[in-house]
Amino acid sequence: MHPWVGAGPDDRRHILSELGLQSIDELFATIPAEVCVDRLDLPDARDEESVRRTMAQMAISNLSMDCAPSFLGAGVYRHVQPAVVDAVLSRAEFFTSYTPYQPEISQGTLQVIFEFQTLISHLTGLPVANASLYDGATALVEAVLFAHRVLRGKRDLVVVAETVHPMYRRVLDTYTEAAGIEVVLVPPGNDGRLDPDRVRKAAGDTACCVAIQSPNFLGIVEDLPVLAEAAHEGAALAVQVVTEAVSLGLLAGGGAFGFDAVCGEAQSFGVAPGFGGPHLGIFACTEKHIRQMPGRLAGETVDEDGNRAFCLTLSTREQHIRRAKATSNICTNQGLMALAATVWLESVGGNGLRELATSCLARAQELKKRVGAIGGGWRLAYPESPIFNEFLLTGPGAGVELVERLAAKGVLAGVPSNRWGGSWPDGILVAATERNSAEDIDALVTAIKDLS
Amino acid sequence: MKQRALRSEPLFFERNPHRVQRQGYQLPPMDVPEVQPTEVLPADLVRKDVPHFPDVSEMEVVQHFHRLSQLNYAVDEGLYPLGSCTMKYNPRINEQTARYPGFTSLHPLQPESQIQGALRMIWELEEALKTITGMPGVTLQPAAGAHGELTGILMIRKALEARGERRETVLVPDSAHGTNPATAVFAGYRAIEIPSGSDGTVDLEALDRMMDDTVAAIMLTVPNTLGVFEHQIVEISQLVHDRGGFIYMDGANLNSFVGRALPGLMGADAMHINLHKTFSTPHGGGGPGAGPVTVSEALLPYLPVPRVVQTEGGFGLIWEDPSSIGSMRGFYGNFLILVRALTYILSLGADGLRSMSDVAVLYANLIRHRLKDTYHLKYDAPSMHEVVFDDSFQGRHEVHNTDIAKRLLDYGFHPPTMSFPLIVPGALMIEPTESFGPEEVDAFCDAMIEISREAETDPQMVRSAPHNTPVGRVDEVRAARNLKIRWMPEDENA
Amino acid sequence: MSVPNDLLYCRSHEWIRSDGDAIVVGITHYAQDQLGEVVFVELPEVGAGVDADEELGTLESVKAVSEFLAPVAGEVLEVNERLEDEPNLVNDDPYGSGWLVKMSGAAEGDDFLDAEGYQAFLEQENG
């Protein structure tokens, strides 16, 4: 017997007799004996207290970002978490329900998706946003494959800025290899930014897309209008990757500058860092290309009485219907995470988001100023280049080493910038958010000074 | 019982129409010097404001989502018998352990010494899944079943390359879920349909004809999408392996035999497991899921990176391995979902897992027994954890599966799956799972029988269902023809 | 089921009307009925060359996608642009304003059925 198995021993006997069977084994007679096992080599069932203890033990064996002043970024950011977000996520009506294929009893989920699509559309500046993708890395993959499809598979070259998150690029490589697409990297200039001429040259007239990240992996804001133009000259699609979604509260999304698609990661909108997942991929594009867009889509319509209602639409692009001709491998969205982002954004509000983003900007500027003034082997790698909330700091040693030494001083200083290589100095990517108080900033500065 | 009045809930953007100042959340105080954005950022890149985005008070946010939630049917409410979806109970302890701050506030790129607990969690779940499937390797990276399928097929592709072979096709049964052929094509293969025999299982003769050195793999769902176990699975694997191919197993229906049979013994080379099905992680209204893939000896070298390994001090991560297929997504997997799955497995234990599949199969057979005279059973073969009827009896009264589905909503149940398998037109694919009490399963059968009666005596009422849901039948054609996928301010006046 | 006498038919449910050196192709009343309400039509590019029995385009309903095939080899001369905004024409007027593609070629040979032949074929299919 177990609390999560609805029929007890008497229930089973009763049902078996109704079915005219002696033993439950008879229902498994079609399984050949040679693949059967008597018992799994696992421990017995355990009570709640015991399981909680085991899991809690694992949890406290980690040094989470709550435990020390933390400046970690590189694609995953620690932002405020309004209590309301988790309260809504904990509603069984939202988290235990399935994909809203029966719209008559899923209007809650569907309306949330519609609101999410609207918010992402307005933030990215593009009219069509989907119901979310797995994460930022796979969103980049989907954007590249999207561009490939839009150009009808006639162009097999993709230009990607080296300052797109290196981990995203590694994931992209796995897929482009399978799809027979070639990736050409464009390194950043001495200022950490892309040179549009180099982009133009790399794309020629054979690239189906140019993918750039802004703010980029080094935290630097790229010149979006100029880069969109560079891509379009060769008739390639311009794709912007965003890893710090809060930046969209202050910086206009690529749609405002002619980008054909904006993709990336919206973990900053109320999704826990959670050791890397689940996170929240986003994708938005122009109306012209809507039929090539991957992922789910909720649309507004009416019911038979003329009441407004929502339903999933354009499903024929998806795998369960298109089968071999599907637009992508994505069969799901990150429903609950999209809900989290919607609650987060609607709590924080339009003006609130701008205030929050400005707070991040201000704290990063303060931090930059103060660590930049320390000297003694510590230098900002790109002091003049514009940033949103993250920058590259170099010091007397490799980034990995510096991070460990600063941790020993009680500060989680950031992410080593070269753990996946890269043509930029080896140091620490330091990020600041609205959660980094003046005290936090003091702590980091003091820790750095202590090391020198 | 009377219905409580449900006011329809406006869109968030329709609230606070005059955009007066309200506050939904109070930020930490500004204790650093203020900065003018245009002073430090290129002015042409700074936005003036986010369009059409109001601020409302906290209570308004709570009210908004509370009322939206009331429009949803969820598994906590009652039977949700979607075939192959395994809508089982999402235990509340999972929700507790997944919220431990030591997990939620952990950054994936922290140094190894700071993340030992998380690495251990991954390791323990990997070991558990290997034991449950009887297979020597696993990756927890994939974010969903289809994602797992692609991972598996890419590993198979790499294994063939390593052998110096280039095969062109993948065999997919005509009963397969659409993701199977889509995955094969994405990986660069041609998907060739293999016909089912008269009992709905793979036709061994057809396989013998079709399996040669141009076929990379066969993708099988076990039991198949009709709920029937591939009783010749050992012969099938043998044949395919003998001719140099691989067995990909779609584990969507694993809930039917956990603790009874081992895919490793069936000859599976790669199998994806849907944690959000078999292992109780919540469906979340459409995700996040998780689709770990267990692998045979032959595919071990190609597992994705990064991987967790045991070290002297505890655990570590390998990010580089030239024989790996690479990374399928960022970081390690949907970690907080993995936490829930491990919590579930630890709680149930060996006996619990076995009784889980026992009762899942028992309930499906109870439904089959109670409904077999009312609904048409296309395939005679024994059902495992799901049973597939079709609407041909009711079709005599011009009542189809979609009508039956909509009428079930009036009885307070979620409908079964209808849109596949494609080989059963008018399908009603019912999977009860083991979670509910027998009374709930009986109530579902009662409702289905009643609806069949209604189809005879008052078909128009069934055809015009639902009558008792927050909205009536939704015009999906209009949604596709007049695409409206975001709110725009013009709508305020519409 | 409407089956006009002045057209030729394919077993894959397309109809063909001769138009000088070219043919006009659409789908039959039966086909649109099976498909359900069409929400989108994907038409080929003008100038594209196709082989006989190759996919010419697709018709999407809410729940399914169906291909329609080129009855003969030839070149696409014209496509029905009205279908972009009014895909419902395929359902409402499949033989008239719901036409799909005009292409070069002639409907010759035994592969095509006349109205009677197509009727009989339909009856056989739905036996």
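In this document, chain identifiers A, B and C correspond to the written order of the chains, with residue numbering beginning at 1 in each.
As a working rule, a contact is a pair of C-beta atoms (placed from the backbone, for glycine too) under 8 Å apart; a residue touches a chain by one contact, two chains touch by 3 or more.
Worth saying up front: this structure is predicted, and the values here are computed from it rather than measured.
Among the remaining chains, the Cα-based centre furthest from that of chain C is the centre of A. Chain pair with the larger contact count among B-C and A-B is A-B, by C-beta pairs in contact.
Nearest to the common centre of all protein CA atoms is the CA centroid of chain B. Chain A and chain C, compared by their mean Cα positions, are separated by 44 Å. Between the Cα centres of chain B and chain C there is a gap of 37 Å.
For this pair, chain A with chain B, the centres built from the Cα atoms lie 20 Å apart. Among all residues of chain C, those that touch two or more other chains are 40, 60-63. Shared contact sites, meaning residues of chain A that touch two or more other chains, fall at 321-322, 325.
Each of residues 419, 476, 480 in chain B touches at least two other chains.
Taken together, the chain C residues at the contact with chain A in this complex read 40, 42, 60-65.
In the complex of the two chains, the chain A residues touching chain C come out as 291, 315-316, 321-322, 325. Against chain C, the residues of chain B that register as touching in their complex are 419, 476-477, 480-481.
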